[in-house]
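The structure appears below as structure tokens.
Each chain carries a letter (A, B and C) given by its place in the written order, and its residues are counted from 1.
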């Protein structure tokens, strides 16, 4: 009897993992606020959270104006990445010779940092919004093409055969069988592609631009206005997070059936 | 089995009473190990309104034959005539196909799946819906019309596939081992149901199966194919009354017919 | 289509593009000042690799990339293995890492500049920052990819803990780890070069950025070629190793 009791492991009710995580996050937020205020970290490097928010509120007009510019560039960039990317991906995925020849090339280029191409775009199109839209759009195009192509490749051939037996035209097969079947992959392409468009646009604005959040952040940095820098960064994070959340809802709406069959990318 | 390659010209009226005429089909395909002769000069005809079985060992080309009859595959040599004309591409209004895998679109409900062939033909929504509901009732699944395929059992999915094939109201139904992936009890139930539906809507049916019992039970006649390269060994008349009942399976006639088919295949 | 045919068509395609580009620049279809012909770019690439002044910049970039990697790899991998092995810490902090990994990290560069200036330290720190998240996530996946039944069998044969690590865990984890290292390296290189383009006195990125701003297009293209080749070579080297290590994987 006592042997059993001594062997038995007593589970001390420790802090649950979720609680631990939230405690750490809250602790970090508190440190964010206090460390610069107490002078333990220079406020030029780490602006207190409250200072960042205050900087945002007091410069609301400026931030709003440039946020609009960035969002405009983002919208057009997404159009390019999703539109051209989706079409190219469909073509690449469904037409065998294309896929076998072009797909390996596209994935080899993946290792190259795309930023190095940006100066060419500014040389050709200047430092206005066009270069941002193009850069972000092309940057997000790559994962979209790869994901869409992968989705189309994994379409159940039997479904296509059945549709053909019902006399479906090529267009009907493409739109009514292949695209819905490829949807989970396409949505993950939307996710990754969208994230890259955001990164592309903001990074381009940071490097050389006439406006936009990235431009603001860079400008504030050179003037050591750290609070404003942090607020700008927060805005970018919120923008990226919102886009991701939006795509997440799309993913949830299309999840009725595909959670059973979704290919994991 | 007399050659019927002189068919369409000399025997007038033949094409009218025979829904499907397979004329001297041969087919060779390429594989990594070389070219393989799949079908060897196959000819047969299928009279309208009859339920014909097609049995044979694995790899004998039965599935290829079905694809050719459906207009989904081109034969190397020879041709298939359907209702008097040569078939080169799918004709959904004449021919409905049911495969071993139900292949329902997983993102659509049962009803949406059944009406899909009509949707492809741009039939108006109200009409499509009504017809789909009718077909689902025919296979006894009207309560499940709004379910998705992943909520249905294998047997139910096949019933939906059958309903879908019937939805087009084709005069010919090609079935390639439709019950092959199901357990025996479901097979028997679905077999009876298929016969029941067939009695109501007399279609010409070509039914491919591995199961000799199924072939004898369901069909009017059974075409027996050889192993690869596939040829027609014989055409056996099933001399059992309709409607078929389970008791018939215990009769001597049933056993003899089954036996006959088995011997043909074994000997080959 | 055979692999050999594929390769041939790919090479032919690349040759055709280069040929078309050369023709367009030479015959005035495109402005050769804006789009210099490949031949001119090639000349500048050659000039680059024989010029010690230029090679110095390549050296700067390489040293930054390597330093960042050497410093962060053990940390990231160890952290990831810990999170993968420990159910408790894993559940606590995995979501955190996944979340931050999905955030656009390049936007934090100005903070690194405020903290570290614009020199070597800042570039290394930023490269480390870019790489660590992929490393942790890959290491978590690696730890969780060890087939439980293999461990059970080994233990039933009396394997001690360190023997398990060497003979079961390590070989099982290696493919995933190497892939993670390769991806982390891509992020590292991208981060360092971006940081150099943004503001720096030396390095490949700074060269590219300067040439772009002064419209020296031929030099700019040659810089892009050098940087691209640099990245591709490192990636292919790691990919080669990755393939060797994962030969037993289905």
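Points to keep in mind about this one:
The rule is simple: a contact is a pair of C-beta atoms (placed from the backbone, for glycine too) under 8 Å apart; a residue touches a chain by one contact, two chains touch by 3 or more.
Remember, predicted model here, so these are calculated numbers, not experimental data.
Centroid analysis (C-alpha atoms only) places C farthest from subunit B. Chain-level centrality, scored on Cα centres against the all-protein Cα centre, points to A. Here the spacing of subunit A and subunit B, counted between their Cα centres, is 50 Å.
A separation of 56 Å divides the Cα centre of subunit B from that of subunit C.
If each chain is reduced to the centroid of its CA atoms, subunit A and subunit C end up 19 Å from each other. Multi-chain contact residues of subunit C, defined as those touching 2 or more other chains: none present. Residues 156, 158-159, 161-169, 172, 176-177, 180-181, 183, 254, 256-258, 260-261 of subunit A are the ones that touch subunit B when the two sit in their complex.
Considering their complex, residues 14, 17-18, 20-21, 24-25, 44-45, 96-97, 100-101, 104-105, 108, 110-120, 122-124, 195, 198-199, 202-203, 206-208, 214, 217-218, 220-221, 224, 226, 229-230, 233, 236-237, 240-241, 244 of subunit A touch subunit C.
For subunit B in complex with subunit A, the touching residues are 70, 72, 90-93, 95-97, 99, 101, 103, 105-107, 116-117, 119-121, 148-150, 168. The touching residues of subunit C, counted against subunit A in their complex, run 1, 6, 9-10, 13, 34, 88-93, 95-96, 102-104, 106-111, 113-115, 186, 189-190, 193-194, 197-198, 205, 208-209, 211-213, 215, 217, 220-221, 223-224, 227-228, 231-232, 234-236.
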